[in-house]
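In what follows, chain A forms one complex with chain B and a second complex with chain C.
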Partner chain A sequence: MSTETPTAEHVVTDDPIIGALRQRFGDHALLVQPTLTGMPVLWIARDSLEEVLRFLRDMPEPFEMLYDLSAIDERLRAHRHGLPEADFTVFYHLLSISRNRDVMLKVALHEDDLALPSVISLYPNANWYEREVWDMFGIAFRGHPHLTRILMPPTWQGHPLRKEHGARATEFDPYTLTVEGQGIEQRALQFKPEEWGMRRENENTEFMFLNLGPNHPSAHGAFRLVLQLDGEEIVDCVPDIGYHHRGAEKMGERQSWHSYIPYTDRIDYTGGVMNNYPYILAVEKLAGIEVTERAKVIRVMMAEMFRISSHLLFLGTYLQDLGAMSPVFFTFTDRQKAYEVIEAITGFRMHPAWYRIGGTAMDLPRGWDTLVQGFLDWMPKRLREYERAMMDNAIVRERTRHIAAFTTREALSWGVTGPNLRATGCDFDLRKQRPYGGYEHFDFEVPLGSHGDAFDRGQLRIEEMRQSLRIIQQCVDHMPAGDYKADHPLTTPPPRERMLQHIETLITHFLQVSWGPVLEPGESMAMIEATKGINSYYLTSDGNTMSYRTRIRTPSFPHLQQIPSVMRGGFVPDLIAHLGSIDFVMADVDR
Partner chain B sequence: MSYTLTRAEDSVAAEARYPLGESHRVEDDPMKQQVHRSVFTGKLEEVLNLAVNWGRKNSLWPYNFGLSCCYVEMTTAFTAPHDIARFGAEVIRASPRQADFMVISGTCFIKMAPVIQQLYDQMLEPKWVISMGSCANSGGMYDIYSVVQGVDKFLPVDVYVPGCPPRPEAFLQGLQLLQDAIQEERRPLSWVVGDQGVYRAEMPSQREKHRDRRIQATELRSPDSL
Partner chain C sequence: MNWPSEQLVASLTAMLQGVVILVGVVLLGAVLTVVERRLLGLWQDRYGPNRVGPFGSLQLVADLIKILFKEDWIPPFADRPLFVLAPVIAMASLLLSFIIIPITPGWGVSDWHIGLLFFLAMAGINVYSVLLGGWSSGNKYALLGAMRASAQTLSYEVFMGLSLMGVVAMAGTFNMREIVDAQQGLWFVVPQFFGFVTFLVAGIAVTHRAPFDQPEAEQELADGYHVEYSSMKFGMFFIGEYVGMVLISTLIVTLFFGGWHGPWLPPIVWFALKTGAFLVLFMLLRAAMPRPRYDQVMSFGWKFCLPLTLINLLVTGAVILIADPL
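Up next, the complex of A and B:
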């Protein structure tokens, strides 16, 4: 496995997958696009899409997971030399656990014929991704069983991620809600089982349709789930999302590379700076910045602090969903301790937006190490207590063991990543498999589960917190000296010391602070092991101060899509246990 | 003191916009009119009003409703380190029908707005709304197609708590400001006693109240040490 960081335009041509595809489909079937994504990006014809996907899925050491699927509106893109002509591009990002490799397939589409074959039969999790592409771009998928809006309200007009669609709310008329409009919207949200191919009754029984959410104490935010019930048994269910769509991808198209950082914080809002990480790594790839050792270790330390804080929130709410009142009081006390450290270092609690292009916002304050050490000394005995009082608790065990279990194979086919995947016994942690940002220098283990049930998902996170504490301890013990920012012209904000030399330095500084850096045209991607799974930013630069397209792949989106396949035949209390054990936040689903 | 008077309406037209009910400012304390009528009943009503308001403000039951990031900080205020029980507001209700106030803690989305309105309508009077965080106050940093630019576009808001997200302490202060406002309210004591309108006191803006003191600060602590 290579740990080198790509520096220049780096074409992946040696990947065996390219040869295999050429051998099978001929030399003209694919066009290799040079990118900084670190994986082969291959353009294929629309007609061969299904065949190529099937070949990749069924080959030895297959691409088990459809990691991401989305589109790009290419109509206003200036720098497209050597690429097939396209108005819209749909891309399929596949991931292979066995090869530890990725491949991206791209299909060019023209405005007058925006349609593709649906690939749900090959990868079941394509379902929601295809609906999202339809909702956001208006690209149709032939053969899709339910091609309707997923993020926007059913009454919405237009496709927001198209370039001609307005971005700002203030471009539209101010929002008003009338009594009549309220009625229309409420009726539009009503669930009609027939539309989903559900029957209202069978020979023996009339089903009950229970609407859980969009506001329900166990739904962890604005999430709606419609249950088809036969008594307590869940016959089927339909998750309904989009109540938390903040247009983060569109926002990336009008914020400078630098000023977009605070928006990333609010994607997985319990993850804080963990969200800055993949975005900053992707931007640094585009800019060609290599950060200092100190900056790397500071970043790792703060990311792991947030992993602990997020897992503590998970633990408290997970046990509360199972009916235990007090854990949340204990874990939030610990979170307060974590926030004392985070706030002292970054100056903010939940959304510090603390990483910068080329480093961090500032250096560690004097006395940081005793503060962090205090937290490291406090946590282990608390974790032991949680394990004893809660995970060994007979009721918790009864409620969670062998509940909502799924296998590694099922998890991969639904795009499940992170602790939920590792709970099935699959050893795939990006910090180990594809170390980024200096994780290769740390000594830690990847805890694994064995049953893939709600219990393992909870237990595993306690163990992950221990490993995070171990990583932070190594950061405290071996914090390198040096600068917290890279010495590079695109580092933002630029060093202030170099500003007041003469007028040229002042002008440069002013431009880089007000406009931000201008990045070379190109595409880059960075994936990280975030608190809830694999989070990645796929950035397309058109040589501007802003991103041309920002694609955010979040782990919670596929996790929610998987719910029906896990819960069919289960009981309502098991569903609540499952929802608690997934660990999702709605901003991480809808973005 | 100035009040805002809102009267309940019997019938609503389909094109009526939320928030419903016509509000207008009145300069006079409704109590004053009572005093002119009879000193004794005036005093009695004042005492009764104070007593009822005292009870209301110290047993506010929040609706368990959250939208985004702010909800995490709101929940933090409910747990041990911040302990909202000190202010009598720890009885979280999962049903809007049992709740006294609703905290719009997070971004208000166009897809979510009709749902929020429905939940608000299901709450029983007397009820109040705290708008928590920049998104709920004004849309904040999300001037984007899917976000309503402030929940007050359709809900009547009593207290705005600034921040992105506000600290739990800020939320607790917002709660106390709501309590202060409730103490000054005039609501009908019964359906046969007095004026049937709801008189909400116009409370002073915190920004104006504290401006003089705040601008005194010239030396800020350096972030280089703890």
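Up next, the complex of A and C:
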């Protein structure tokens, strides 16, 4: 059965990198898999993994960043014609800023030998990703210094993303927790410094181990950091995540392509429709849908509204973490103004789930432009005020200048993206570098920082809000006429006006709303510049109404992993300033 | 012999005055907790508590009922005697300081010639409340808060006393009434401007109000030294903070702004108006300022405020000597 029949425009089979790898490792060392991911997907042998990665990392115009690392349980996948035999596949997604290209390496594994060499020595951010793969799939990484569960509780049995693991609550016995069981769970969470290679004291000092979180005013959600303190100086720290894990990737395997959209809203819960964006783009690639110009511009406009809303939340909490009490009330007033517009257009505030496969849920309501214009007129003077009152304030500057600073090189090696990467001076904004969804038609600038410190990360986001306002203004001025949904059989749900006229559309409507649309087998991926960094959905379709594997790569996950490397030697208040400047939400970390 | 004798009337009046001032100050501290929340609401474009009673006027009653009926929990890992003692010190040391404050020519608890020194002593004792509270709680956050509090208060008390010595030198006395009377021509804020500024800074630091709220630092230490306190023990720390604000405000008024002096209006009104202005300033500072890092607070105290007070004192002394050689 021929299965891999993606539309030709997306498939990458000839990339300079394939030639370079063939030249270096021989023709048989790699197998090119045609996909809709927009990058070369290469299968390599497990033994050559480290060598290939080292080659890619050290070549001229290198692949600086390990963008993503995860796995796929292939055992129930029907359509994998022409691919190497595998029970599990581990994939390494590398990103090159200098080439502005990606490459994905895949390694096939068999059930009786689920082990790989760890690549932490090449890419330090592999650490958490490898732990996640171990946690979710039970694949071991030889040489990993601390291969333990990261998202699931330490007492958990089984590996949730394996296909044999249940996905619905009804597949399990009711959950109970006895007093005894609670004790066991709590003891399992107790921090033991020795397990992390930490000493309890040195010649001069007995260290204090301070549990910051999972409930702490500045932890921005259920996030735990264990600090090794000498006085107030942070000797070392260990971030502990997983308290907000809801199994969003697993849910993707049991929701129809259409009904998964609301789940995406809740990944970065301050980003609203921004989360729908990469998912919808990836699904549309699989379905081969080209959306209308109007739908594109509507999407851009709403995504930028949410970028402003998210950045306003950032700004308020960032300044609050610096001890300024009032700004958060003002930024929430502004967010309310944004939500009034968003609510009028989408009918919802934080989680509109408003994008649809092939367009948006509705057309813009009458009078939308006056509403949006009102918001555009309101914001600039407020942004000026925040700058004058806070960013120019000497105390704010003292607290954030040169605090938790890192270079572009460090940022890339830790997988840092988005405003945090641009604060180091690295000009990489996907809206410019790899325009998607019509961003190439908009005139805007990409603000850059220069010091990569907590101050630049704050200031840069104020600038980004200005640029977003510019984009929205262009949307208002040049909103194209036409349909808000694509004329395509897989558009879900199909336009209602037509459904009421044609029996064929009615049948399609019925099927797509009850079963959900059926997508051709294939793999696709879409990356977008989300509010907090690069967010992407890597979808594997097995020709069904549901995704076979939904990999959600979120920006906050690597941002938290990086914390210890920049905080050693800082003070507790510096850590709080840094946490405020990262802009993360735990739902975006744990998924 | 007349009965009641003049002496008895005098001492009864004095006792009554003392009780009225004591109760008044505690009540004012309690009322301020609500006033601050309403004012912050005003400045932050929101309402603040406005549900209980007309315009939220009964919020205080609701808060009192709530705080009195909360479980008064003492952590099993706490050092009990010290844990109980700490809030008592917090409240008592501040309330005792009001003994020396002259409110009007006729009102005041006592008129001691050591006046100002008594306040400095009480401020010194007040450090123990935070220190003991943080230490005895057996909580790491509380300990860090206590550590910060003792470092900060010690540093700031060094120049707090010195900043007032200019006033003392000019008035030639520690007695508060005489200091007020010495300002009839010119308020001391003019010749002792730097003394006023440094005392204001030190006063905010000693009451650990924002931006010098390092010992509490909600965003960092999740309330610091009183994180384990509940019910009225917490209430005493809480009201104590406001009583401290009242104390510092009245001191500033007495030492630098001529106390009850002022034209047209009766003395008590002038005193209340001036004190109120400084109380609002305290609140406004909290609404407006971010929090510096605590080592920055330290270096500001030692490297800027302390030299400034010393220079101020030196210049004051020199001017007095030149103007009026011994």
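Basically, the second predicted complex is superposed on the first by the 573 of 591 C-alpha atoms of A that agree within 3 Å, B and C clash if a C-alpha of one lies under 4 Å from a C-alpha of the other, contacts with A are read in each partner's own complex, and residues count from 1 in each chain.
Following the convention adopted for this analysis, a residue touches a chain if its C-beta (ideal position, glycine included) is under 8 Å from a C-beta of that chain, and two chains touch if they have at least 3 such contacts.
Treat the numbers as computed from the prediction; the structure is a model and nothing was measured.
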| item | value |
| --- | --- |
| Which superposed partner A:Phe329 touches (first chain B, second chain C, both, neither) | both |
| More chain A residues in contact [chain B versus chain C] | B |
| Touched partner set for A:Glu398, first chain B, second chain C, both or neither | second |
| Partner chain(s) touched by A:Met251 [first = chain B, second = chain C, both, neither] | first |
| First, second, both or neither for A:Leu210, with chain B first and chain C second | second |
| Residues of chain A at both interfaces, chain B in one complex, chain C in the other | 217, 329-330, 333 |
| Contacting residues of chain A [partner chain C, same complex] | 208, 210-211, 216-218, 231-232, 319-326, 329-330, 333, 390, 393, 395-396, 398-399, 571-574, 576 |
| Residue ranges of chain C touching chain A (in the complex, touch as defined) | 40, 43-46, 140-141, 144, 147-148, 210-211, 213, 217-222, 286-296 |
| Footprint of chain B on chain A - complex, ascending | 151-153, 156, 160, 165-170, 172, 174-183, 185-186, 189, 214-215, 217, 221-222, 242-247, 250-251, 262-263, 266, 269-270, 313, 328-330, 332-333, 335-336, 344, 347, 349-351, 362-363, 365-368, 371, 586-587 |
| Residues of chain B defined as touching chain A within the complex | 12-18, 20, 64-69, 71-73, 75-76, 79-81, 94, 107, 109-115, 117-119, 139, 141-149, 153-154, 164-165, 167, 223-226 |
